[in-house]
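The next block holds one structure in the form of structure tokens; read it before the comments.
In order of appearance the chains are A, B and C, and numbering begins at 1 in each one.
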Amino acid sequence: MKKSMGKGRVVSAVLIKDLRIEARSRVVTNQVLPFAGLIMIMFAFALDNDDVLQRVAGGLIWLATIFSLFVIVQRSFAIDTVDAALDSLRVAGIDLSAVFLGKAIALTLQLMALDVVLIASAFLLYQVQVSAVGLVLLVTCVTCATTGLGFVGTLYGGLTAGTNGRETLLPLLLLPVVAPVLIAATRATEAAFGSGGAATSEGWAWVGLLTIFAAVFGIGGSLAFGPLIDE
Amino acid sequence: MSQSSRKVSNTGTQATRVIGVLAIVVMIWVVVSGLVLTPADVVQGESVRIMYVHVPSAWIAYVAFIVTAIASAFYIFAKRHSLGFDRVAGASAEVGVMFMAITLITGSLWGRLTWGEFWQWDPRLTTTAFLFVTYIGYLAVRGLDGSTQQRAKRSAVVALLAVLEIPLVHFSVVFWRSLHQGATILDPNGDVKMDGLMLFTLFSGVVGFTLVFIWLVLHRQRTMLLSDLAIERGLDNAILERQNESARN
Amino acid sequence: MTSEKVVDFNDVVIVYDDFPAVAGATFCVDAGEIILLQGPNGAGKTTLLRACAGLLQIARGSANVLGCDLQTDRAAVRSRVGLLGHANGLFQDLTVSENMSFWSRLVGANKIDIDQAIDAMGLSGRLSETPVAKLSAGQRRRCALASLIVRRAQLWLLDEPHAGLDAQGRDELDRTLRAARDSGATVIFASHEIERAQSLATRCLLVTSGTVMPV
């Protein structure tokens, strides 16, 4: 047994690997970002009313995030399954929960970048406004929500990786699970924007819920990921 | 393998027959009492009779998912990962999804009659709908390809994750409704003034549905056992076939 | 470990989607051997190699690898074996050296080992900075072999390692496997290059229809 390999080293190796591959291939940047941006524009066409758009901006941002999540998760596992690298990870005798954490953090960072673009487009397209206090709330909300989504996406992505029909199964499994994130992140974002007269202080309770969600799936995922991707 | 020596030709036993007969008797009583003997409600009128189906099926759906979760936990944490627990978990989830569908259908019919709408974004309804989709997903995971042990492990993990998820969904939905809309809709169950016979009929319904649930799960997990045994037997043949094949070479 | 046996399979059955890919295999491998698995396509060679790596569930029979019981403790064997499968297990968008440093970081190999392995497989210089996707099939195979070398495994499992390699690469491979054996490792590999493989192997096993027999 090689005792030298620390868990932290595996986490960072997997994290750097996933981010470097994205930096090279730019699949998320060139395909998912425009897709999410298009969703925001299409909503504007469909709703066609500035007042309504301002009020529902929070929900649209998070809907677009969750739709993009499916695509990013599949991409995240495609890079490991295309040449059976996942097999090599299994046989490397490493702690698979470290692989889970590395992939989840990479996914979270990509989702964060996506949300920055989505929120910026909400400012541009929907004319939402945010106060300084609201901005703090917004940043915290994005951090907690994307962390939760990163964990849950990696967990279910691992479950469906390498099985037949994963493209359709993943949304079916993920949608009910991420419902709390959709609700909580939407309300917190609305509070930050002050949509419909919502007070900023209302948002913090929702951020609490997002934190619980992230903690639950962070712990659950660390425990369950290894057995799930094992044969 | 150990079971294959025992001859299993059908899924019924003395116990299931007793449960089955009891279930039929109780259900006949619930039908007669629910439709004829009990009075109509002062406020809701005849529509209150849906309650005798709706409440027990909702109860059973939740019981079924608890059974699935417990059996899954036993599968994962027991030393010997017995497929028996997995079969009970799967059978219970299948029956649970059916009862949950009955709950949602009867609930929306009842809602149409009392609220004038098929659907309300009421916390309990919303949670139930999410639960329904979650367990359809669970059944889809059971259908993934792989060995029986793999199927058992995957689905047990998903069942336990679902247990974590349900309170989160419920809490977020309750919180969501309470902030934006007071609990204005009337609670159909709480609103009904029930006399003794109505309560007894409702109680009988719960007992009857529970018996039906037990009967279905027992039979379903035995058919699953039989199909596992059939696979096992097919495997025996396939192994022999392969060995003969190699002997010929 | 009571015996010198590195692999000890007794009437092992391995099932893939209700099909017994391995149907009652019995064989032993002693420490320091280089074993060639030969046999037609679909005979179960790949399955046997993957099972030895602790990747597959043993449906029936008893299987021991490096003193670990595969029925109960498959995970324990994994950090001590190295597997080169049909696929290379490489990340297409990363360069050779990035792939190498990823895999060697996971198993705790040092820089000198990595450079040596890259050198031994003829991938140093410009090639090491080329993304794997732009390499030829043989060069990718070399890269996968290099990442196997740095693992310093006790048991090497290779599934058709010669496929796709040029004459020079095959010589390198044979030399590497012999060197591994000399440093105390055991090697099991499957190959259709019978002549070359037989000269490399110390013993051959014939795999047909999911069973194993001596040649």
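FYI, a contact is a pair of C-beta atoms (placed from the backbone, for glycine too) under 8 Å apart; a residue touches a chain by one contact, two chains touch by 3 or more.
Small disclaimer: the values here were computed from a predicted structure and weren't measured.
Think of each touching pair as a link: the shortest run of links from chain B to chain C has 1 of them. Centroid distances built from C-alpha atoms place C farthest away from chain B. Central chain assignment: A. Criterion: smallest distance from chain C-alpha mean to the mean of all protein C-alpha atoms.
Separation between the centroids of chain B and chain C, computed from CA atoms only, is 47 Å.
Centre-to-centre separation of chain A and chain C, using mean CA positions: 37 Å.
Averaging C-alpha coordinates per chain places the centre of chain A 32 Å away from that of chain B. Listed for chain B are residues 145-147, 150, each touching two or more other chains.
The set of chain A residues that touch two or more partner chains comprises 231. Under the contact definition stated at the top, the residues of chain C that touch 2 or more other chains are 57.
The part of chain B that touches chain C in the complex is made up of residues 145-147, 149-150, 231, 234-235, 238-239, 242-243, 245-246, 249. Partner chain B is touched in their complex by these residues of chain C: 13, 15, 17-20, 23-24, 57, 59, 208-211, 213. Put simply, chain A touches chain B in their complex at residues 155, 159-160, 163-165, 169, 172-173, 175-177, 179-180, 183-184, 187, 202, 205-206, 209, 212-213, 216-217, 220, 224, 227-228, 231.
Put simply, chain C touches chain A in their complex at residues 53-57, 75, 78-83, 85-94, 98, 102-103, 105-108, 131. Listing the residues of chain A that touch chain C in their complex gives 1-2, 4-5, 9-10, 13, 17, 20-21, 24-25, 79, 82-85, 87-94, 230-231.
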